[in-house]
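One structure, as structure tokens, below. Some questions next.
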Amino acid sequence: MQQHVYKSVEITGSSDKSVEEAVQAAISRASETLHNLRWFEVTDVRGQIDEGQVNYWQVTVKLGLTLD
Amino acid sequence: MQQHVYKSVEITGSSDKSVEEAVQAAISRASETLHNLRWFEVTDVRGQIDEGQVNYWQVTVKLGLTLD
Amino acid sequence: MQQHVYKSVEITGSSDKSVEEAVQAAISRASETLHNLRWFEVTDVRGQIDEGQVNYWQVTVKLGLTLD
Amino acid sequence: MQQHVYKSVEITGSSDKSVEEAVQAAISRASETLHNLRWFEVTDVRGQIDEGQVNYWQVTVKLGLTLD
Amino acid sequence: MQQHVYKSVEITGSSDKSVEEAVQAAISRASETLHNLRWFEVTDVRGQIDEGQVNYWQVTVKLGLTLD
Amino acid sequence: MQQHVYKSVEITGSSDKSVEEAVQAAISRASETLHNLRWFEVTDVRGQIDEGQVNYWQVTVKLGLTLD
Amino acid sequence: MQQHVYKSVEITGSSDKSVEEAVQAAISRASETLHNLRWFEVTDVRGQIDEGQVNYWQVTVKLGLTLD
Amino acid sequence: MQQHVYKSVEITGSSDKSVEEAVQAAISRASETLHNLRWFEVTDVRGQIDEGQVNYWQVTVKLGLTLD
Amino acid sequence: MQQHVYKSVEITGSSDKSVEEAVQAAISRASETLHNLRWFEVTDVRGQIDEGQVNYWQVTVKLGLTLD
Amino acid sequence: MQQHVYKSVEITGSSDKSVEEAVQAAISRASETLHNLRWFEVTDVRGQIDEGQVNYWQVTVKLGLTLD
Amino acid sequence: MQQHVYKSVEITGSSDKSVEEAVQAAISRASETLHNLRWFEVTDVRGQIDEGQVNYWQVTVKLGLTLD
Amino acid sequence: MQQHVYKSVEITGSSDKSVEEAVQAAISRASETLHNLRWFEVTDVRGQIDEGQVNYWQVTVKLGLTLD
């Protein structure tokens, strides 16, 4: 991180494939309204089960964006 | 939770009666500007004391709302 | 606690009224199959929101039962 | 909190009715010997079970009092 | 989550490929004896190393199942 | 740990002598009904006091057993 | 805290001098768009190093503002 | 625990022999001035090293005493 | 730490200048009634904001004192 | 784990593809100088964002190696 | 602790007898290559089970050594 | 952070003036033998008290260095 002021927001994305795709889904949706997204940190990995199979993944990320 | 993208916000509500009423106060105020509130998680229960009595309760909740 | 061997199980109960009622719901259901329940510890307080109102409370408890 | 020096003490109160009443029991007992109690924070919610019913609640609070 | 009573169990699955496959292994084995599995939460990601390569992944999940 | 599926259970044992003996008491009791116990992790060390002396130790362990 | 509804936001400020100055930088930037900032809590203290010297401090604060 | 009001205090005891003896040292010293000590919880286990040997153990316990 | 019995107390001090001065304020006030203070550990750094400026710092410390 | 003495080191690896590849990158680099690496535990999953896309993953692992 | 610069390392020792002996095993092995070991802190207590008996204890300690 | 492999080490520095100076002391000592130090994270702030005054500060930092 460079010498900026950052704001953090918490977003949960989902995917029926992988943790990585769920994180990207969260970032893609957030970047529609938030500019200057710089970093993320995974804070929670959950999911739904249907008939003994992972139905989809739900991954919560803290996203950091520069304010200046 | 269904397969959505969620955003979380942190709100503190208060009540002179109960934990439950303080949570509802936080949700009521948040729902004035935030739509699609779906779930909450209590993260902190505090309060103020006046002359040996609970004066009011202050309960912090993380609120989840759908972005799509 | 007296000098016993204890087992802990984690149960989530729900109620549309209060934290207390959700805890009792968890204990009532658990006591149908588990005997000798002795103590509980609240580990999570969450809930669902519908149109700006708490729809119901979901409270997770760790329940301790004696094995001997 | 105003610009004071505070001391914190940890007290556990109990009640057969509710979390709120157990917190008040802790504060009432503490205020017999401690003056200037200002705030509390709930740190633990436990209880005893008797025949599948919550027998009583035990709630631990950190109490803050002004020293000056 | 709907208004049910849930039980949580903790299972560790393993895979030589990925975190996702290790989670599915845990769920598949648990669903042989536990019905109504609904959700999971990843609580630990570990693994074994052999000659500088990840030998296999070991992922611990908390699994939630409906009791009613 | 080898490449198995594990289940974890939480048991509290007690002893008037030592932490080690309380852990063994928890394992001995659990092994009456659970086979294939492989590892343990101490998660809590508590105890009861009587007239200024440790009356007995209560140690909580998470026990891991292979399911396959 | 008085009997209000509060919202919390997470901001990271930086300074090449001190923790205190980095916190003030976060608050100053946040107060350009957020009114009624009332309290802060430091949640993370990090920084960058250049040739064996602290280059700048990065301090994350949770900021509380009144909504009413 | 029965239906009492409890106070908790934090004490660190030491011993050159064992964890158990350090806990007893903390309780013995505390019971000189505090009556009605009922339970303890170990919160920290540390120690000093001298020439590659444990010199002494320092164990911190939270002690619970009845106030009524 | 040498081989003593220690007691810990939790005090919050404040300062309009710095974290360091708030810690010293807590220690100075505590040492009016508590002798043999030996060490401290910072457990919380908060503060109040007034018109976009840090109004004062509130720092909570755990203070250790020898009992013997 | 067998009856050895282990040392733990903390390494962060990165990958533009996946969590798994970032872990392997950390292990591969560490095994250039450290022999007898046996196990890992993921302690942090972060990453960098560039124009609304995950640029690369940064995964921190604790690595265990036998000393004997 | 005196006014030194310290480094911390994390070591796991084992013993088939006790927690104390496992800690000493970790310290003894570390002191073969590290001089000036001064203190330790227990961070994890685990172990292996064989046929319903504790086979051996595995205790992880953070060791502090002076660098100057 | 750029796309490197990092190693983290834990160092405690001290100062009789401030948190900032204690962090710099830790970094200065570490940089005598470790090159490529890039970032730090404060994990513990403690200190020693002498006659009601802070005698010196002891601040523990996790230091990140690039391995490549």
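So that you can tell them apart, the chains are marked A, B, C, D, E, F, G, H, I, J, K and L in the order they are listed, and the count of residues begins at 1 in each.
Heads up, the rule we're going with is that contacts are C-beta pairs under 8 Å (C-beta built on N, C-alpha and C of every residue); 3 or more make two chains touch, one makes a residue touch a chain.
Computed from a predicted structure; not experimentally measured.
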Query raised in the report: Fewest touch steps from chain D to chain L?
Result: 2
Report summary line: Among A-E, A-G or H-I, the pair whose interface repeats that of F-H, with over half of its contact pairs matching by residue number, is A-E
Query - Between chain C and its twin chain K, rotation from the CA superposition, multiple of 5 degrees - result: 120
Requested in this report: Farthest from chain E by Cα centre, which chain is it? Let me know.
Outcome: I
Report task. Averaged over CA atoms, how far is the centre of chain B from the centre of chain L? Could you give it in whole Å? Result -> 38
Requested in this report: Let me have the rounded angstrom distance from the C-alpha centre of chain J over to the C-alpha centre of chain L, please.
Outcome: 23
Report task. Could you give the separation in Å between the centres of chain E and chain J, each centre being the mean of its C-alpha atoms? Result -> 21
**Report entry** Multi-partner residues of chain C (at least 2 other chains)
**Finding:** 1, 18-19, 48
Report summary line: Listed in rising order, chain E residues that touch chain C in their complex are 1, 3-8, 62, 64, 67-68
Query - chain F-touching residues of chain K, taken from the complex the two chains share - result: 17-19, 44-49, 51-54, 57
Report summary line: Residue set of chain H touching chain I in the complex reads 9-14, 16, 25-26, 29, 48, 56, 58, 60
Report task. Show which residues of chain H lie in contact with chain F when the two form their complex. Result -> 18-20, 23-24, 27-28, 31, 37-42, 63
